[in-house]
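Residue numbering begins at 1 within each chain, and the chains themselves are lettered A, B, C and D in the order written.
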Amino acid sequence: MMDRVDIRYLRRPEEVGLESPVMIEGLPGIGHVGKLVADHLVKVLEVEKVVELYSHHFPPQVMVDENGMIKLPKNEVYAYKSDGDSPDLLILVGDYQSISNEGHFELANAYLKIAKDFGVSRIYTLGGYGVGKLIEEPYVIGAVNDESLVAELKEAGVKFENGEPAGGIIGAAGLIIGFAMLEGIPSACLMGTTSGYMVDPKSAKVVLEVLMKLLKLEVSTEDLEERAKEMEKLIAQIKEMQEAQTVQFKSDEDLAYFR
Amino acid sequence: MMDRVDIRYLRRPEEVGLESPVMIEGLPGIGHVGKLVADHLVKVLEVEKVVELYSHHFPPQVMVDENGMIKLPKNEVYAYKSDGDSPDLLILVGDYQSISNEGHFELANAYLKIAKDFGVSRIYTLGGYGVGKLIEEPYVIGAVNDESLVAELKEAGVKFENGEPAGGIIGAAGLIIGFAMLEGIPSACLMGTTSGYMVDPKSAKVVLEVLMKLLKLEVSTEDLEERAKEMEKLIAQIKEMQEAQTVQFKSDEDLAYFR
Amino acid sequence: MMDRVDIRYLRRPEEVGLESPVMIEGLPGIGHVGKLVADHLVKVLEVEKVVELYSHHFPPQVMVDENGMIKLPKNEVYAYKSDGDSPDLLILVGDYQSISNEGHFELANAYLKIAKDFGVSRIYTLGGYGVGKLIEEPYVIGAVNDESLVAELKEAGVKFENGEPAGGIIGAAGLIIGFAMLEGIPSACLMGTTSGYMVDPKSAKVVLEVLMKLLKLEVSTEDLEERAKEMEKLIAQIKEMQEAQTVQFKSDEDLAYFR
Amino acid sequence: MMDRVDIRYLRRPEEVGLESPVMIEGLPGIGHVGKLVADHLVKVLEVEKVVELYSHHFPPQVMVDENGMIKLPKNEVYAYKSDGDSPDLLILVGDYQSISNEGHFELANAYLKIAKDFGVSRIYTLGGYGVGKLIEEPYVIGAVNDESLVAELKEAGVKFENGEPAGGIIGAAGLIIGFAMLEGIPSACLMGTTSGYMVDPKSAKVVLEVLMKLLKLEVSTEDLEERAKEMEKLIAQIKEMQEAQTVQFKSDEDLAYFR
């Protein structure tokens, strides 16, 4: 039987033995910025899957992979045991957020339960901040559930912009740090500015760089960089096309005098 | 963990020690009339926050303030201990109503539970009554859950208009006095007439004045008055523009004969 | 506190002492046919209100009556103790059906609980069958949860029309006799044919007449008759207007030859 | 009372005594392909109805049959005891899927409970795969919850097409094999390609043929064949009409040169 929100521990938290880990959340959202960063960490770090989470609040369907194998909608939590300066990590990734309003709250309860079961000392939720136009130099804006975090984040390059995002932070990235506030876990949301029109590895790269500073973590960013370069080419092409059009419009205007 | 409807007492009702308080509800609604009045009372009276209420029925998001601090959607209850003629007060304020139909009922249950825990003797819910046109002289219409209240309300200037509002009273302002009827708490809804097109401090002011009479309470209304005056200027400008347009239309009509 | 579905007995069923009563349901629906009939019975018979039913599945609002008194959405059950040939009756009336799909099922559970608590021996649900055009001579079609009822209903003038209504019977009128089937209570739905465009007392009158035959009950039908006559006048006017328009269209067509 | 998901065993599984049966699911869906196949099996095999399932997640209405008898929305499970080479079968049929997202999950839980109560050893869910154009030679594509099934299915003629269906498998056919994966029951979904525009007995026939191979079961396919032939005639007519139109378009184009 699958519960409405069904947390399945593949290993018991005390067995995994993380020490006051930092939780990183990167679920789908604006520009898939958070998801790109968290998926990248799972790929480049030596991690172990410790939790699978199923829910009635995910879409009622299964996906089919290239071998004909089905996949039930689920999110996953990976554990990373640090052997360096960085803290241990607990990384929440997956392809789904709730498709109902109430489900967002029930899932946030679950994510916090997992965080507490693993003794999480801090949470960073990751996301994109859609600004509605192409961004050449993306940067990271922050929101915190504890004012004492602001100075540290600013030092790592995070900007705080007078109440931005004005529309609030919707879904898991917002509710998780909200619920963490109720539980007394200092947490922040890191949002990479992005157009909001496309998956944005360039924005993800700047979020990852901020995150590495905050975590004193060194990982290869090659994969994201490559995808970011491809995207820059794409942006360049789009701009070229836009400029060509603008010129065209202008010459149309010029001609207008002669008509 | 956050419950579907999560009432968090910051202080135990018996510790706060209100004596048969009157509950005032002012949540967002038509013209934000009720919210303006209740927020004003919290601002000008010496109050103490005694309850925070979270719910899965609020929007699944957090807002961000000017310092980058997040705020979870929540409503709040403030206690006011009177040292004069007026009764003690329990003031329900906040930025949210339920976003689902069923949630309205679950939240009304919670508001009544709080009322009963504090031994509330009467409830006034506040709101706006949208009439679809600009109102020069707003007044207050009432609805009660106990006919014996009508005379007292009329004396304080409340009008009862033959079944108005015809569409009923939707959301917390209506359900709270409905649920109070089931609990035997005599209660009324005070609605300031308003256009329904904009936040209306002028309507809020007349509601506050009626409420002060009912509660034998004296508070400064300066803040609302000032905002009301600004609004009157705005209305004057709008009217001027409308008249200018009407004149324009007329002269257009005149010209039509010559075309 | 109000439960999701909140049944409040004003008197205990065993106190009321009905003998194997027949339940009549007349809630709002197509042409308000069922509601008109059930409300009429409550008006002309000497009845006693025995149950009030509140629910989170009704609209989240209160209505206001001519005296400024509010009314919470609720349905009601009235008991009628027969002193003649007719059986005792349990009449379910009210202004509301569920506003959610699931709520319809939860409410039907509640209606059946009440039926069983009162030892109901049969249920007639009443409704309209919308046919999409004006009906001069409305009649009653039936649907049963027990084939043995068909002969008796036919004798009382009920027609069975090969699977009509083709779209099924939606809401309380359908689910109640469906749930009654699971409980072994023989039941039928009586539907007066009606346009579906307006409240239809003429259709209600024919349903009432069939019901009186089935129940060996004699009640005045004056009230419905009067309203039916008014409605016939209205229909006559509408027809006249339609014919006038048709003539107009024809003469327009004739003129077309000359243009 | 009817529970949200209400499983009613007409006979206890241990009484029915099926031996490691294979479950077949054929509920309504694309082209009604799965439903046609499962209904056909119930018709041509000697089966016994063993479960009726009601739910608040079905539409809130009853249907009326040709005799005026009502039918509550329900799904049914039939048992087939094999006397030949084929395994015993448990066939899930019905007219309904959930009308809410969460309901799909609750119903899948119920279907798996039934499967486990009967000791099911494998599940085949049946469906259509809509391709958006008329299909002359429908075939069967598969998806599995256990890679070891692929070889066997391929041998029976099932194709695996690189991640198709790209949109996933929605509703019962997908969730049942997903939930079965969590329970360790090897299962597959068999989808007949179909236009998606109409009920498709021709596609159902090819799914049935694959299923018979997989089950070592011999049943008459006459009924589906006949309906498939009628459908082929219909397709032929549609094509003729389409070609006629194409010709018309072409001659219109030719004429264009002369206008």
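In the analysis below, a contact is a pair of C-beta atoms (placed from the backbone, for glycine too) under 8 Å apart; a residue touches a chain by one contact, two chains touch by 3 or more.
For reference, the UniProt names are A, B, C, D = TIGR00162 family protein.
Note that the structure is a prediction, hence the values are computed from the model and not measured.
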>> Interface check for copies subunit A (TIGR00162 family protein) and subunit D (TIGR00162 family protein). Shared numbers divided by all numbers used: above half gives same, below half gives different; which is it?
In response: different
>> From the centre of subunit B (TIGR00162 family protein), which other chain's Cα mean sits the farthest off?
In response: D
> Using mean CA coordinates as chain centres, what's the subunit C (TIGR00162 family protein)-subunit D (TIGR00162 family protein) distance in Å?
Replying inline: 39
> Just curious, how far off is subunit C (TIGR00162 family protein) from subunit A (TIGR00162 family protein) if you go by their C-alpha centres, in Å?
Replying inline: 55
>> Show the residues in subunit A (TIGR00162 family protein) shared as contacts by 2 or more other chains, in ascending order.
In response: none
> Every touching chain pair, please?
Replying inline: A-B, A-D, B-C, C-D
>> Taking the touch rule as given, give the residues of subunit C (TIGR00162 family protein) at its contact with subunit B (TIGR00162 family protein) in the complex, in rising order.
In response: 1-2, 4, 54, 56-57, 59-72, 99-100
>> Using the touch definition from the top, list the residues of subunit D (TIGR00162 family protein) that touch subunit A (TIGR00162 family protein) in their complex.
In response: 98, 101-102, 104-106, 108-109, 112-113, 142-145, 147, 150, 160, 162-165, 167-171, 174-175, 177-179, 181-182, 189
